[in-house]
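As structure tokens, the structure follows; a few thoughts come after it.
The chains carry the letters A, B, C and D, assigned in the order they are written, with residues numbered from 1 in each.
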């Protein structure tokens, strides 16, 4: 993922570890494990009543590319060692394929050689590797360009956030375990998730992402458009089934009063694939998770993965924007 | 665009020509200009009352890579010479930027060096270059794997198609100038477009795409997922602001009864980024066009570009699927 | 070829045309066809007694990416239409494979679908497409960084240039049809080539390339080293069988007196894959051409391709250096 | 490095570890740490009187991508933890740059942020990461296609191997600590290295590589030629300054008797960038090492790195050939 800032990920849900290598980060960025850990903690399950019980305790370790507290320009390798992998839960998967799950095409594609334990390479746990890279990209964007990326839950199942998001609400995103900055909507969403857990069902939802501070001119026309690269990254997150920028699907119903369109930023901050200096906005649709603990009352899995997704969406957006900032010369090889 | 089957495009709306080079096509595919011309004609404007008056007469010429009626394995270069470019219409654009149009970021990014005539590199005319490559990819998929891709208009403005699409409706897609296989909806869509033209307004809409015949196992987990690559390609089409697979945004509201989910293919034919052997379905949202001829009663531009988009969406889908079929060894280097 | 400045080539020796698309050139570079034509003329055969009789008359046409005399930042497509393709000379090749020629593996690889006429995609004529891109890269390097690249013939068969190359000799490179700046050696080389033509034999030789004005810091450690990328490009020139930087093969015999080593630039201007601000020097070994006109007294082919190669080597070096100058931020997206 | 089989490396000489991620390896290849360890041991220093005293004890650990003794198709991450890093030896480097060493351009390029300890990212120690990937590629080529790659030392300083290499000599390559299969030459080379150590000097040399069993048709014309990709990889090895295929530089002096040329394989097994089914042969020139222990009688560094290079050259050749075997469909996604 990426052309100038390249993220390579590895690991399996129930293997030794999950990890990432970020290549192309400029030298001279102050970086320590805490910068990454903070963002990883935001996606960690086992934090609340509404999420899975598994205590991952993801503790990231930087293996290379940082020297005396700064990046060196060399590839930054990071790793989280796995613990508490109750693989036996999954042993039976080898023959009993789960409906709606990637087990099936993976089994066919790799002729049974895939590591099926816990979803293996397809597990939601792998989103931690996106966050490892994304945390660095996000810090880089802030330090070099004062670009800020924030995502939040705007819908769970049929419960949508009523208020319009404003910058003032940023501190409230992580004020509740649903990660919705509207406290009233958050309470309803929480109830919906607990209901789904009780019914052994699962729920989809929506994440919205807002980026401010972008200069004009990031992105390329046609194949290297910002929308192309962001959507490509977003669809690497498990369970994502839709992406829209600005007014998106709703905009497809509207007529085109151009003058208003730019003023209200229906284009989502991008025209012709290139940033226009307005906030970049997008929405990401998640389907309900497919591993439902119907027979397992203790429930290893989340009834709803969406509250864990904001830092993952932030990571993808930051990685793509940092890549384009480097490609376009907005950030140089040394800070 | 592409890793194994790589499309490079060039040209400007009001320059000498538009063209494309497709590299990586296997040798031995029967190919003639008519195969490409047929699909280009489907996106050609000036065909009906609802579309722009410009008579493009796009006539494609194959320059290389075909010998004695078959592809040779070498890059296939194709070109369409431009005619009838009333550039003077656009001369004033240099100072008078159009709202909601890529003129603005392009002017900043290239410091005024961009060819602004007719949108230049950002013009909808450039979608012809996607179709040049897509027509070959589509023929390749059909010849090698019997994979068929079809797109159609499912919504214009607020008028949505009522019927559910079935394979029987394929011949009806190009039966009307709206490219909607439901004749009743098509009549209403046509009226809406004519109304928008009269009001000097413009309309967005929706394209749906269905691909049948896909084997299990196309695509890669994580960064090379089918959704990632298709969405990346789709967002290289001007005016696209949203993409969803299977039940997409609607699915984000549903609960996750897995057993049903696979049966009804809410996943859109893809799980874990990999094809599952069911039809691949996606929907693409287009915003209203931004160049509205308020002061120009004769109207050079389409009030709605959506009816021209089905062959373009088909092209992107076919290019990505052919690329993955080559990557996965489903198609070899020689047919 | 290239990561930020990407060259795509197409065409066949005896097809309609040969062409190239250069993507990623910054906007604002003054460019006209004459800039490219001048360098193409330097590799044109039919110019002297020592070269092939075919009058190519390569006339390049720019198709896109240039507007009002400057590059726009969009892909620059260029084309040369083929004339005088006596394909019948080659018709018999289909069954009668030439020894030591790429006809054989191409026939196997493409199962007979390859365009074998005149070597098709493998013809030396395709080096014109490298020069199309290289002429632009060379102009860009000069305009943006005052970097100058010059190549010359240092050996033909067993005749080696005696003098050491200095900057003063640059104007003499194209002072004779052998392209050797040492007039005495050039005369001997010319005699050797005429002898080979008389004997219906062919000769190999050596090109040396010197680049001055490079800043410190171009290139990347390990996989993106300057040597890696230059050698990769140089081996895309037909008949090249060896590349060395600085003292190269001779240096492998020396002992390592480091202090002297840097002073005499045995490293060829590159350490750890990165430019050190000293002249970049390399040598390229060409094998004798494999299509020898033993039965054809009129001789369509060169007895020695080496005198035509300096602009091709210059092109490859310039393309790689310009790519790295863009990657490293030494040149921005607009001049 | 690579397009279908992609190697990413990380780590620094005196950091926590060095490591590699190999992405794109087919599923179903039997693989255990011993397969990689064996090849790593061949490049390990501290094994004999002629090499550095540092006891690296490189012990590789596979972190991902292998399940129940077979590859899964997922990225294979590997790591070697560093020990015995006497960093203090290098502390003074920060101000005192070594002549002829990458310290200088690295310091400029990264503005002093680079990890300079032990050469950091530029250290010869990083060649262990090439071997990690190369050992897997080599096993894959053997298992899937019965392709065998072998490299050996053919020259140290001015001492060249007298005998012509034959397949019978393969078992003798690692029969001495110089890695030259000609025992008489090996003895002279050993004496030369010990002499250089005594004189606190260093020596360059030559590696030859022979690959047998290649099918016809690996490689692509022009930019994806086998020579391009192999040379690109070879120049990522520190101290390499020249590469030639087949007769290479010597061939540039010969005349072109085509019939003989193919019989004696002067082309090195490649024509037009594509394998011809004959042995692939290349020679790699190493310059003398630049870190010479003039003031350090105990000598941490090798007076000659060439005897450690054969497994590294084998690795690069195997990685490129496996990549092309996958690209060309000679090896499928599952063994």
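Assume contacts are C-beta pairs under 8 Å (C-beta built on N, C-alpha and C of every residue); 3 or more make two chains touch, one makes a residue touch a chain.
What you are looking at is a predicted structure, and each value in this text was computed from that prediction instead of being measured.
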item: From subunit C, the most remote chain by mean C-alpha position; value: A
item: Higher-contact pair (C-beta pairs counted), B-D versus A-B; value: A-B
item: Whole-Å gap separating subunit A and subunit B, where each centre is the average of the chain's CA atoms; value: 28
item: Inter-chain centre distance, subunit B versus subunit D - centres from mean C-alpha coordinates, in Å; value: 46
item: Residues of subunit D whose C-beta touches two or more other chains; value: 9, 74, 109, 121, 217, 221, 328, 333
item: Residue ranges of subunit D touching subunit C (in the complex, touch as defined); value: 1, 7, 9, 98-102, 104-106, 108-109, 121-122, 126, 155, 157-158, 196, 201-206, 216-217, 219, 221-223, 225, 227-229, 231-236, 238, 240-249, 251-259, 261-262, 266-268, 271-277, 285-292, 328
item: Residues on subunit C engaged by subunit B in the complex (per definition of touch); value: 6, 8-12, 15-19, 21, 23, 27-28, 63-65, 67, 70-77, 79, 109-111, 113-115, 117, 120-121, 333-334
item: Subunit B partner contacts - residues on subunit D that touch it in the complex; value: 3-4, 74, 217, 221, 327-329, 332-333
